[in-house]
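Multiple structures are listed underneath, in structure tokens.
Both complexes below contain chain A, partnered by chain B and then by chain C.
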Partner chain A sequence: MATIIVDKIAKSFGATQAVKDVSFDVHPGEIFGLLGPNGSGKTTSIRIILDIYQPDSGSVTILDGPMTNEKLNHIGYIPEERGLYQDVPLDRGLTYLASLKGLTEDQIKERLPKYLAKFDLTEHAKKKAKELSKGMQQKGQLIAALIHDPEIIIIDEPFSALDPINTQLVKDLLIEQRNAGKTIVMCTHQMNQVEQLCDRLVLINQGQVLLQGELSEIRNRFRTNEVIIDALNPLPEKLNGVSRIEKLNGAYRLSPQEGLSSQELLNELITQGIKLNSFEVAVPTLDEIFIKVVKESGGVDE
Partner chain B sequence: MRNILNVFKFEFLTVLRRRSFILGLILVPLIPSLLLGVLNLINQDESQSIQEVITQEVGSPLPIGVVDQANVIKEYPEWATQGRLVPLESEADAREKTAAGQLQGFYVIEPDYLETGNMRFIKPQISMITELLQQDVLKDLINYNLLGADQERFMRFMNPANFTFEYLNPETADTRDQSNAGTYWVPYAVTMFFYMIILISSGLMLSAVTKDKENKTIEILLSSARPLDLFIGKIMAFGLLSLMQMVVWFGTLTLLMDMGKTSLPFLQNISIPTSVLWASVPFFIGGFLLYGSLMAGMGAVAPNLREGNQSTFVLSLPLIFTILSINQLIETPFSSFTTFMTLFPFTSPVVMLTRLSVGPVPTWQLIASIALLVGTVLIVIHGVANLFSSQYLLSGQKIKIGLFLRTVFIGHRRA
Partner chain C sequence: MNKTINVARYEYLHHVGNRSFWISLISVPLGFVLIIVLSMLLSFLSFDTRPVGIVDNGNLIQIEPDNSKQSTFFDPQIYLYVYPDESAARAAALAGEIQGFAVLPEDYTSRFQLTYWTNKQPDSDVQAEITNFISKNLMVAENIDSAVFTRINEGSHISLQSLDGSQTSDGTGWHRIIVPIVIGMLNFIVVMSSGGYLLKALVEEKENRTIEIMLTSVPSREIMAGKIIGNLSVGLTQIIVWVLLLGIAGFIFRNRLGFLADINLSGSYLAISIALMILSFLFTAALMATIGAAMTSTEESQGVIGLMVVPMMFPFYFFSVFLNNPNGLLARVLSFIPLSAPMALSLRMAFSPVTPLEIGLVFVVIILLTLLMFWLAGVVFKRGMLQYSKRLSLKEIFKKETRNA
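Our next item is the complex of A and B:
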């Protein structure tokens, strides 16, 4: 049974249709990528999942039923606009946010010091948030999302404005949480991060689903017969069995003639005396798939 | 319910721990208390020194001579002169006795006194305070003699009228003591006090809501608590804080006025009626809930505190109008205009207390005013709850005051 089932949700703000007929589901214990360019409807979809917005039509099933106040306590959310109470000591602000997630005072007293220690914030606990560095504040926000040990973690643009150290910290954290059996929804347009972390994904643009499925399946779906070779000598301008030769950085992308498999192309190259360092089937990157699909769907909303 | 309490607790303790709040709570009553104390000390010192001077000079065993060249003083009764004034035959005699130290000095009533009022006072040293007191004795003596040396007539001259007032309808009549400064100053002070405190405390609600937006915590809060829980928790917290502030400030003011009576004579006839004290709590709570809710609603739709503050002027207009009408409210407490302002829920939290500090308010007006205030508070809270929707709270758009008022008073579909 899916942890989250989004079924044909639609939402308009005035004349603007933010989301239309969006459907997808998120399975337990996976990192799910909710992808799309800026303004595509990702954040609106997340807010509908969290019951912050009511959909105009469609429904969301979460943890086997509709959203309830109690279920909100099983979700950890880090919105794109990260915030902490700037004029309040870090521990007090986190205590408040944890109390809203249903933790008792005793539970907070027990857990908060552990999380502060885990994120190297123990000595900064009594400082006001505004006195902390941006990186420290982001760690504080992670604590707010995790302290109640949620079953579902929803994180909007997880790597936005993060330095490489904190990017790695968040990546490690997401993997750790997935390994602990948590369901993670990651909303982003940074495709390289998705390729490294996500098991499945949905791509939306202009409020509509363009693509969804397992990452490997999607990449296979978009792959062609093209191959990338690293040859020891420069290639001649024309090769038998090759319809197009494209120079890459120190390599070549070859498009085989119609009906010719990559295996047959390899044989053809060897027959023609081409000496190879490497030969690989060209699998499109998620970036390439993203750009291709978005362009084909009519571009990006400004 | 638990989240309402969590919001309440956090907001209440956050403000209570704020240095500016504690200083405001303590300093506002402390400063007038200290001033009163200092005034008290100064007054005691001054009054002692004046008393000493008067005792030395007025209480001097030496009398003052009177040379009556106009022949207006026929009698020197003891009750009028207290032995301080003695008649003398001539100016030369008076000079001689003054030089010999038998007199403090002497007055010469000039022959043309009845036409000109001219007199001279001859004395080795002149002290203005003493002279004023001595002159009063002489003036009383002359008045007594000019009135034919008739004590009863003189007493009536000194106090020509003792008015008593009777009212055809005591319940609605203006029974105030017109000669008492407190009759006007108390209503002014009460009006200004409640105008200020309702405006200040409701303004806290605006900053409480916009703070969540400016800190960018609003979306995290909305993923944990319902918007209405946030609204109710905040208004409870700031309501209690404001009530605390009001009780401390107003209580201290009342106490100071009471304590100051012994040391500051001008406070002796000034007091805040007890009806104002008991009515201050429900009308303040009503006023806070009304304006606090509106300010919270403004905070919900405003992208930040600055934008919110720019639009609160419109919401504060009824209170500002109350201040502009303050003279009319105090001078004509039973006019139709004042009655309307007493009943109108947007002005009644201040005007009812103004009215009660002026005098009794008819019972039906008290009941109607409270009923209208409660009804309006419920309508406004319900309307503002519409604004406490995620769509408004997460919106960064500029406020349209028309849309705001329409949503509060007519209603709007929630996001």
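Our next item is the complex of A and C:
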């Protein structure tokens, strides 16, 4: 049973159609990627899910019904525009935000030190947020989103401002939350992170859904018969059965002619005496899919 | 409701727990005290307390001057000494024992003119002392009791009453002026400080982006309610601390505050003034919330606050209008504007009877305007708080929303 069901939502701001007929659903125990270029309608969609904006049409079902004040306590949200009380000590600010999620003082006293320790922020707890680095503030935000043990976590650009160590920390955390059965919606431009973390995704541009489904299924859908080879000797300018040869960084991308399978191409290369270090079928990266789909849809709204 | 309390508590503790709050809290009365002490000190230092001589050539003086009252810093006395002749008085003046001397000529009772000999302009107190002393002696000469003289000097106490007898007003007394001014100043300070805190909190939340997290934790109306309650409490804390300080000062100087017994404020007068102050604050709070949600930075919002000060100061600017024509058009109009109403109405009630119907109408109009402002604040809050870099336009504020915000 899906925890979030977005059904044909639409929202306009004046003459601008921010979101149009967007539908998707998200299930417990999965990390769902909400992708799209800047201005594509991602943030508007999230704000509609969170009941900050009302859709002009369509509906959102969250935890088996419309949003209620009580359900707000079951959602952890980190917006793209990060926010912490800058002139307030970190622990006081987090205590306040946790209390707004319905936690009692005792619960906060019990949980906050654990989270601060987990994110390596214990010694910075009494510092004002403005005295912390961007990465530390980001981790503080994560604590605010997780301390009330929400069923749904919505996180916009979770890895911005994080160094590789903290990026790994957040990735591990998201995986841990997914394994605990939480529903996670992740907005990001970092496609490599989506490839590593997301189970399913939806790609929207200009307010419309361009693509959605399971990550592996989408990659297969965009798969071509191109191959990437690492050859020990230089390739001739022309190869039988190959329509295009593209030099990569120490390797070649070969585009076989229509009807030629990768197996037949391999045989052809061996026949022509080309010695190979490696031969792999080229699976498109999510970056490539993203760019291809967005360009085909008419580009990006600035 | 719990979250409203949480928001209110955070807002309150955030400001009250801040050192700058206490510094500004103490500095205001301290500033007043300093000004009063300095002015008293300057006045005392420049005040010539040396005695004044009287030479009676007209045989008018029947009773000796009363020099029994102790001269103190707070209540300096100018004693009168009677000299037998001008030369003795002059010698004392030249020796600096007295600051000058008045000579009553033989024909004083027919011309009522005297000569005051001195090298400096006499203070008004000197002239008053001499005049009082001579008047008393004239009364005694006519066998009139000095108590009667005191009563004549004080004049009559006039109270005003409306023709139907429903409203009364104390027609005399210095507190008629002072009390409305104090109400106006308190209203100004509380509204501007609490409202200022509220505006600052909203704009800062917008600037530091915490508002989006707030909106996904607490319904917008509860956020607003919590912020208003919290910041109103900050203003009330200021008032309570100042009243306490005033009470302590009053206790310390209780022997010097006999004049306060003249103040006779009716319960309804106080109730109306306090109720109007609270309504004025609520209106301003909603106005501040509207501005805070529509603006994008603290600097931008400060400019708008400057405009709000203007109507609040109207009763001060047009004080003479209230004195001369408390029921005129301008005074009446200012009674219906939430920002100026607390002082305007209390001024009018102090100088002239105001009918219950009009007072009721003032309350109805201000309550309606406050509700309207709260509605507007709700709309602007919802629409403007997430527009981080763009100021909300009037068109956007009044655009029809598809569902209830």
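Keep in mind that, in the parts below, the second predicted complex is superposed on the first by the 302 of 302 C-alpha atoms of A that agree within 3 Å, B and C clash if a C-alpha of one lies under 4 Å from a C-alpha of the other, contacts with A are read in each partner's own complex, and residues count from 1 in each chain.
Note that in this section a contact is a pair of C-beta atoms (placed from the backbone, for glycine too) under 8 Å apart; a residue touches a chain by one contact, two chains touch by 3 or more.
Here the structure is a predicted model, which means the values were calculated and not measured.
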Three-chain arrangement built on chain A, chain B and chain C clash or fit: clash
Which of chain B and chain C A:Leu215 touches, first, second, both or neither: neither
Touching partner for A:Ile31 - first (chain B), second (chain C), both, neither: neither
Partner chain(s) touched by A:Leu112 [first = chain B, second = chain C, both, neither]: neither
Touching partner for A:Leu121 - first (chain B), second (chain C), both, neither: neither
First (chain B), second (chain C), both or neither touched by A:Ile75: both
Touched partner set for A:Asp56, first chain B, second chain C, both or neither: second
Common interface residues of chain A - those touching chain B in one complex and chain C in the other: 47, 50, 52, 54, 69, 72-73, 75, 77, 79, 81-86, 88, 96-97, 99-102, 144
Partner chain C, residues of chain A touching it in the complex: 14, 47, 50, 52, 54, 56, 69, 72-73, 75, 77, 79, 81-88, 96-97, 99-102, 144
For the chain B and chain A complex, residues of the former touching the latter: 2-3, 6-7, 9-10, 14, 211, 215-226, 390-391, 394, 414-415
Chain A-touching residues of chain C, taken from the complex the two chains share: 2-3, 6-7, 10, 14, 204-205, 208-219, 386, 388, 396, 399, 401-403, 405
Of all residues in chain A, those that touch chain B in their complex: 13, 47, 50, 52-54, 69, 72-73, 75, 77, 79, 81-86, 88, 92, 96-97, 99-102, 141, 144
